[in-house]
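Presented sequentially are two complexes of subunit A, the first with subunit B as partner and the second with subunit C.
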Partner chain A sequence: MSDKNKKRRRLTPGRAMVSTVMLFFFLAFFLLFLKDFAWQSLALSLVVPVIILFGSVGITKLFPADTLLLSLTNFLCALGVLVLYRLDPDRGFTQAVNYGVGVAAMIGCTLLIRYLPSFRFVNWAFMLASIGLLALPLVIGTERNGANSWITLGGRSFQPSEIVKIALLISMAHMLSRRKVIFTMGFAAICVLILAVQNDFGTALLYFGTALVLGYASTGNLLLVGAGVGGAGAAVVLGNMIMPDKFARAMSRVEVWLDPWQDVQGAGYQIVQGLIAMANGGLWGVGLGAGNATVIPEHYNDFIFAVIVNEFGMLFGLIVILMYAFIMIRGIMIARNTRTMFHALLATGCAAMIALQVFVIIGGNIKLIPLTGITLPFISYGGTSLVSSLCIIGILQGVAARNAAGIHEDRELAMQGGGVR
Partner chain B sequence: MKQVKNNIKRVCIFLCALFALLAVYGGYSITVNGNRWFSSGSNTFVRNKKKDVIAGSILDRNGQVLAQNDAENNRIYHADAAVRRAMVHVVGDSQGNVNNGAESFMASALYGFQMSMPERIAFFFQGQKRVGDTVQLTLDSRLSAYASTLFPSGKAGAMVVMNYKTGEVLAEISLPQYDPQQITAQAKSDPKKPFYNRAVQGLYAPGSTFKIVTAASALENFTDAATRAYQCSGLLQVGERYVTDAGTDMAAGKITSHGQLTLLRAFQVSCNNTFAQIALNLGDQKLKKTAENFGFNDNFLFRDVVVENSQYPAQNRTEREIAWTGVGQSELTATPLHMCMVAAAVANEGVMMEPYTVLRTLSFSGSLRTQAEPRVYRTAMQPQTALTLKSYMRTVVTSGTGTGANIPGVQVCGKTGSAEVDTQENTNAWFVGFIDEEAHPYAVSIVVEDAGGGGSVAAPMARQVFQWMLNNGY
Partner chain C sequence: MSSDAYELLAMLMRYVFIALGAVILFRALRQMRKDARAHKKEMKQLPDAGLIGEVVDLDTGKSQPLPREGLMGSGSGCDIRLKRRKVRRRHVLFTFVEGKGLRIKPHLGSWVAMEGVEITAPAYALHGTQMTLGEAHIRIRLFAGLNVPNPAAFQRDAQSLPMDEANEEMPWSGMPLPFEQVPQAQPPGQRPVTQMTWDYAYSLEELDEARQGQQPVQTMPYVQLPEDEQTEDYVPYESPVVRHRRSERR
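Up next, the complex of A and B:
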C-alpha cells in the first residue's frame, strides 16, 4: 500500500463520527431484529448505515459540502426511521423511503442554489404559488386534529404549508435583499393569517417567527419586531371579535397547557401521557423497544420527542436538542460567510426556521409553551415534512458550496495577480 | 452587509437562548416532577409491569410488614384489620384508590426500577421474575391504629404526628378509613369519601390555630406587640358587619367580652376581637408575608409527601375579610399536615423541617438502597418569635382554651381552634401542639369535622396520643 492511500484512510474526527453513527444504527436495528426476527429489521440494520454513509460522505464526493451538517442531519433522519420502525414497522419502512426521496430532494436544492444566481424572475411565481397553495385547503381541504390545513391527493394527505416553507424562505430572502421590507412583511402576514384561519397555529407561529427573524436580520430594527408582535396581538383581538367560537377553542388549549392534570382522561390526556412517558424514561430511558409510549395520541408525529426520551432517556433527549442547536449554529456560520445579501438572509432563514420549529414542538411536548400540532424536523413521521426539512438543509449546503466556490475564485484571481477586494 | 452579519450574530444568540431554555426547562421539569408523573394513576407503564415483577414489601418504622406479595403474587396487607385501616391512606391499595399512597408513589422502587444494571442482568440470567425493593416508612402502625380509635365515632377528620427536629411523619391518619384487603362497594359510594386522604388533601379553614401565624406577624412587625393593650368588647365593627367572639350571639343579644388584654392573654383565651384588630393593624400585605414565610401559597414539592397547597386569599380584599383572616377564616385554607408543620416550626426555633414518610429503601437482598436524611424546608420566623410563641402556647395548655391536652409533668404546648363551616351544624374541632422537651420532639395536628370546640374535642385527643407515645418509648 502506498503512503498516499494510508493517509487517506486515517481516522479524521468527521469519519469517526460517521462510523459511530453507522455503528449505532446497525446495533439498534440488529437489537430489534433479535427481538422479532423479522427480515425487515435485518435489512434496515444494513441499509440505514449505507444511506448514512452516502448521505454524509458520498455526497461530499459529488460537490463540496458541509460534512458536519450532513452527519447531524443524517443521524436525526435515521433516528426517526429507527423510532418509527420500532413503534410500527410499516411507518418505519415508509419513512425510510421518504428519507431516500428527501436526500435526493436535498441534492436537488443544493444544486439549484449553487448554480442559480438569482430568483428575480421566479419570485412572483413563487409568491403567488405560495398563497395559492396555502389557501388551497380552504377549498378542497380535509381536517386533521382540528387543523384544516391538509390536502388529500390520490389517497395520500399532505400539508401544503410544508412545501410553501421553501418558497417562502427564498422569496423573503430575495425581497429583503432588495430592501422591500414592508412588502415582504405584508406577504408573510397574509401567509400567517391564512394558516391561522385554518387553525394551524403551530405553522402560523413558525412562519411568523421566521419572518420576524429575517426582518430583524435585514434591517437591525427592533421596532419592526415590536410592530410585528403588536400586529399579531391586534389580529388576535380582532379575531376574538369576528370569530369568538374559534378564539374560545384556542384559549381552551392555553388552559390545558396551564394545567393538563385537570382533565387527565380528556383534554389533557395527550400532554399528560407525554409527560408520563418522559418521566418513565428518566435519565437513561427504558430501552429501545421496551417503552409503551404508543399510548400517546400522535406519538409518531407531534410527540415523537416524548417517545425518544421515553426509550433513550432525558440525557439522550438533551443531546438531540444539542444536535438541532449545532445545525442552527452551522447554518448561521454559513450565513456569515456569504458574499451576497440574498444568500446571507436565505441561510439565516433556513437556520431560524429549523430552530423555531424545534422550539415550538419540543416546547409543547415538555409543557414549556402551549402545544400546537407541528412536526419535529427530520424525525417526525411524514413525507412532506421530512422532504421539506431536508430541502432546507439542501439550501444551506448550496449556500455553503457557493461560499467555497467564492473562496476558490479569490484564490485563482490572486494567483493570476489580481487583488482580493 | 457588515451590519446585516452583526444582526445575524444576534439572531444566533437569540436562537441559542431558545435552545438553552428548552434544555434547562426540560431537564428541570423532569427532575423535579418526574416521580410525581411516574406515580400518577394514569401511568399505564407501571400497571403493565405489575405482571412481570414481584412487588417489594412495605414496612413501618418498626419493621411491621404492611404490604407484601404472597406465593401466588397477590398483594397481602397487614394481618390486623385495625392496622390495615389506620395505614391505608399512607400505604394505598392495589387498585390505586388512594392518591399518592406508597403503593403508587413509591412504585418506582417497589417494581424494581431503581435496580442497578448488574442486578437486572443477574435476574435476567437466573430466569426469575424480578423482585422490587422493600420500602420502609417512617410511620408507626401501632401509633396510627391507636390514634384512629380516639376519634368520636362516626366523625371524619385527620391527625398528623411528626418529629419536629427531623420532619419524620410518625402518624398520618384520615377518617373515615377502609380495608384495602376487602374494598367494598359501600366504600366506593360512601359520601364521606374514605379514599380521600384528609391529612394531606383536606383543605380546611385553620380557624384559631392560624392565630399562631397572626401572632408571629404581630411580634415580628410591631416592637411593642407583646406589651400593647387591646380592648375586646365581644364584637368588633368592621364596616357594617361585626367580627364576633365565641360566646357572643348577636341575634340573642348576648355579648361575651374579654375586656382589656395583652397579646399573651388574647392568645390564651383565643380572642377573635383582638386578632381581628391585629390583622387590620398589620394590613393584608404584612400578614400575607408572614403566612407565606410559613409556607402558605407555596407549591409544596416535598420528596415523598404530596400535599395540597395552602392558600392565603388573593389581593384586593375588604377590611372585613382581612379581619376574619386574622382569626383563620375567610377563604384561608390549610391541610392538617401543614398546620402540624406550623406548630413544629414554633417548637423547632422557627425552622420548619421538610416532612417525609419514607425512611429507607432496601434491595431484594436486603442491602440499603436509599436512606432519608432530614432537610430544612424553610425558616418560618425569628428564633426569638418562636420562643415567645412557645410560651404563649404553653399557657394555652396550662390555663387557656387547651387545658384538655395537659399532661402533668410534661411540657405540652398547643393552640385550639373551632373553625366555622357554612354547611355544617358544628364547628371543626382543631388542635395543633407539641411536647417542648429535647427527648420527646413531637408535634401533632388534629382536626375533627363537624364535632364542636377544639378545646373540648381535639385537645384531649392530643393528650391521649402524647401519653401513649410517652408510655411506648417515644
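Up next, the complex of A and C:
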C-alpha cells in the first residue's frame, strides 16, 4: 500500500472519531487518578480506551456494523461509567460490568435481526410473554419511588418493562408490517394500562409515544395519532375519576413541575437541587471531580444529566444531547434504507424509543416537562436499562447489516442481468 | 495532589473536554455526510435497488416500480396505486419470497383473480402473471436474475440463453452464478440478449477482480442485431423508477 493510501486510511472520519473518544476517556480517568492517586483510576484510564477500541472497531471486523452508531453509543456508555465512577467507584465498576453484558446482548440482537428471516412464529410468544412479564410486578413486585414495577430475584432487582421494550418493538413492527393496526394499538394500550396501574407513568409514556410514532409511520394517518392522543386523554380523566389515589402521584408531579419552589424541602427538593446544580455548572462546568451534585436525590439515575452539566458544563450537556440526536438520525437513515416494512418500522421504533426516552428524562431534568422516573439511555446507573438500550442499538445494527446485505443482493442481481424481462 | 491544585487542573481540563466533545461531534457529522454521499453514489449505480420488477397496468399501459413487499390498492399510502372502480383502498398485500415468487394475499373482501382464476387464499405470482383487482388489469414483470421458478419465461427467451436447443427443460437452479457471468464490454452493433440494468454497476476494478478470481470467465452471449435494429429502433433499458416518474410528471 502506498504512503498516500496509508495516510488516507488513517484519516477516515470514523477512525479519527474513535481515537478522539479514546483520548477523551484516557484524559478523564487520568484526571481522576491525579485527584487521589487511586490505582483503579489509572487502570480504567488504560482499560476503557481499549474497550472502546474493541467496541467500535473490533466488532466491525466480526460482522458488518455501523461504526458511527457504535462509536457514539460507546462514548455515552463510557461517559456513564466515568460519571458513576467519579460519584461512587463501586457503582462505576458495576456499570462497567453491565456495559460488558450489554455489549454481548447487543451482538446477540444484531445477529438475531440479521439472520432470523421472520418473526412470524415467535410473535405470539413475544406478545404473551410481554404482557405476562409486565403484569408480574402486580403479583410479586416491589415498590421503588412510588412505582410498583420492580421484581427482586436472588437479591438482584430489575424492571421487566425494560426487557419488554425489545419484545414490544419487534411485535409492533411485525404486526404493523402486516397492517394489523387496530390489533397492534390494542396490544400497546394493554401494555400502557398495566404500567399505569403500577404507577410507572414514565415508561407508560414511553410505550405510548413509541406506539403512536409506529402507528403513524405505518399508516401515515394523522387521525390515528389524534385518536390515540384523545383516547389517552380520556383514559387519564376516567382513571382519575375511578382511581383518584393512583393518579394523585402523577398530579402532584405536575404541580411540582409548575412551581417546584413552593415546596423546596419536600416534593420540589429533587428538581430544585437539579436546577441549582446545572446553574452552578454554568456554561463550562465546575470541572470533573470538583462538583457537588451528589446532594440531588437519585443523582446516579434520573438526575445524572444534571451531574454531567454541573461538572462538564452546559456546552457539554448540549454536545451530549446532540449525540443522542445523531443516534436518532442514524436510526432514521437506517430505517429509510431498508427493504422491508418490518425492518423499516423496527428501526423507526428503535430511534423513536431512544429519542423519546432522552426527551422525557432530560426534559424532566431541565423542567421542560413534568419529571418522570426513567433512565437516561446508556448513561444512567442500572443494569436492565443499559442492557435494553444496547439491545436497541443491536437491533439497529442488525437492520443496518440487512441493508448492506440487500445492496449486495442488488449488485448480484445487476451482475446476473437485472432489468425487467 | 492537593485539592486546590486538583481544582485548578480540573477547571483547566473542562475546556479540553468540551473541545474533544465538539471534535467528536464534528467527526460524527463528517462521517454521516460521507456515508450519505456514498449511499447516494451507490443508488445512482443501482437505480433499481430494492425493487424486484414492475407492475404494468394493462388498461393504460403505465407501469409502476414493484418493491419487495407492500400493498396494492387505491389508497394514497399504497405502494402500487390503482385508481380504478372496485379497487379497495387496501386490496392486496404482496411479499416477494425467494425461490417462490410474489406472494399475493388478498385483503378480506377484496376480489382478486390470477390468470382469470379467483383467489381467496394467498397465492404466488410469477413473471408475466396477469392479475385482476376489481376492475384493474395488471401484469407482473420481474427482473431477470431473481430466484423464482419461471420456466415459461425461460423457454420464451431460450434462444438467448447459454444452452443447447435440446436442453429446453433447463431448471432454474442450473443458472450460472453471478460471478460466472461478468458482463463484458458491449461490442458495437450488438446488445446483450437479456436487457442489462446495470452492466457497469460494478467498478472496473471489481469487475477485473471478479474476472481474475474465477477463470475461465464465461462471457454473456451476445446476439447480432438485425440491420434495422442497429440504428434508432433499439431502445436501451430504462429503470422502472425513472419511467414511472416520467409518466407521473406527464
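The definition used in the following text is that the second predicted complex is superposed on the first by the 409 of 421 C-alpha atoms of A that agree within 3 Å, B and C clash if a C-alpha of one lies under 4 Å from a C-alpha of the other, contacts with A are read in each partner's own complex, and residues count from 1 in each chain.
Just so it is clear, a residue touches a chain if its C-beta (ideal position, glycine included) is under 8 Å from a C-beta of that chain, and two chains touch if they have at least 3 such contacts.
The shown structure was predicted, so the numbers you read here are calculated from the model rather than taken from an experiment.
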Tell me which partner A:Pro89 touches in the superposition: subunit B (first), subunit C (second), both or neither. neither
Who does A:Leu413 touch here: subunit B (first), subunit C (second), both, or neither? second
Contacts for A:Gly108 in the overlay, against subunit B (first) and subunit C (second): which applies, first, second, both or neither? neither
For A:Ile329, using the defined touch cut-off, is the partner it touches subunit B, subunit C, both, or neither? Pick first, second, both or neither. both
Across subunit A, the partner (subunit B or subunit C) reaching more residues is C
Could you say whether A:Gln273 touches subunit B, subunit C, both of them, or neither, answering first, second, both or neither? first
For A:Gly239, is the partner it touches subunit B (first), subunit C (second), both, or none of the two (neither)? neither
Return first, second, both or neither, reflecting whether A:Gly220 touches subunit B, subunit C, both chains, or no partner chain. both
Now for A:Gly100: first (subunit B), second (subunit C), both, or neither, which partner does it touch? neither
Between subunit B and subunit C, whom does A:Met341 touch in the aligned arrangement: first, second, both, or neither? both
Jot down the residues of subunit A that show up as touching in both complexes, subunit B in one and subunit C in the other. 219-220, 286, 322, 329, 341
So in the complex, which bits of subunit A are touching subunit B? 213, 216-220, 264-265, 272-273, 275-280, 282, 286, 291-292, 295, 309, 314, 317-318, 321-322, 324-325, 328-329, 332, 335-336, 341, 344-345, 348, 351-352, 355-356, 358-359, 362-363, 366-368
Residues of subunit C touching subunit A in their complex? 1, 6-7, 9-11, 13-18, 20-25, 27-32, 34-36, 39, 42, 46, 48-50, 53-54, 67-71, 76-77, 90, 93, 127, 141-146, 153, 157, 175, 178-179, 181-183, 192, 194-198, 201-202, 237, 240
What part of subunit B is in contact with subunit A in the complex they form? 1, 3-12, 14-16, 18-19, 21-23, 25-27, 29-30, 33-38, 40, 42-46, 48, 113
In their complex, what parts of subunit A are in touch with subunit C? 13-14, 16-17, 20-21, 23-24, 27-28, 31, 34-35, 37, 67-68, 71-72, 75, 177-179, 219-221, 284-290, 311-313, 315-316, 319-320, 322-323, 326, 329-330, 333, 337, 339-341, 406-407, 410-421
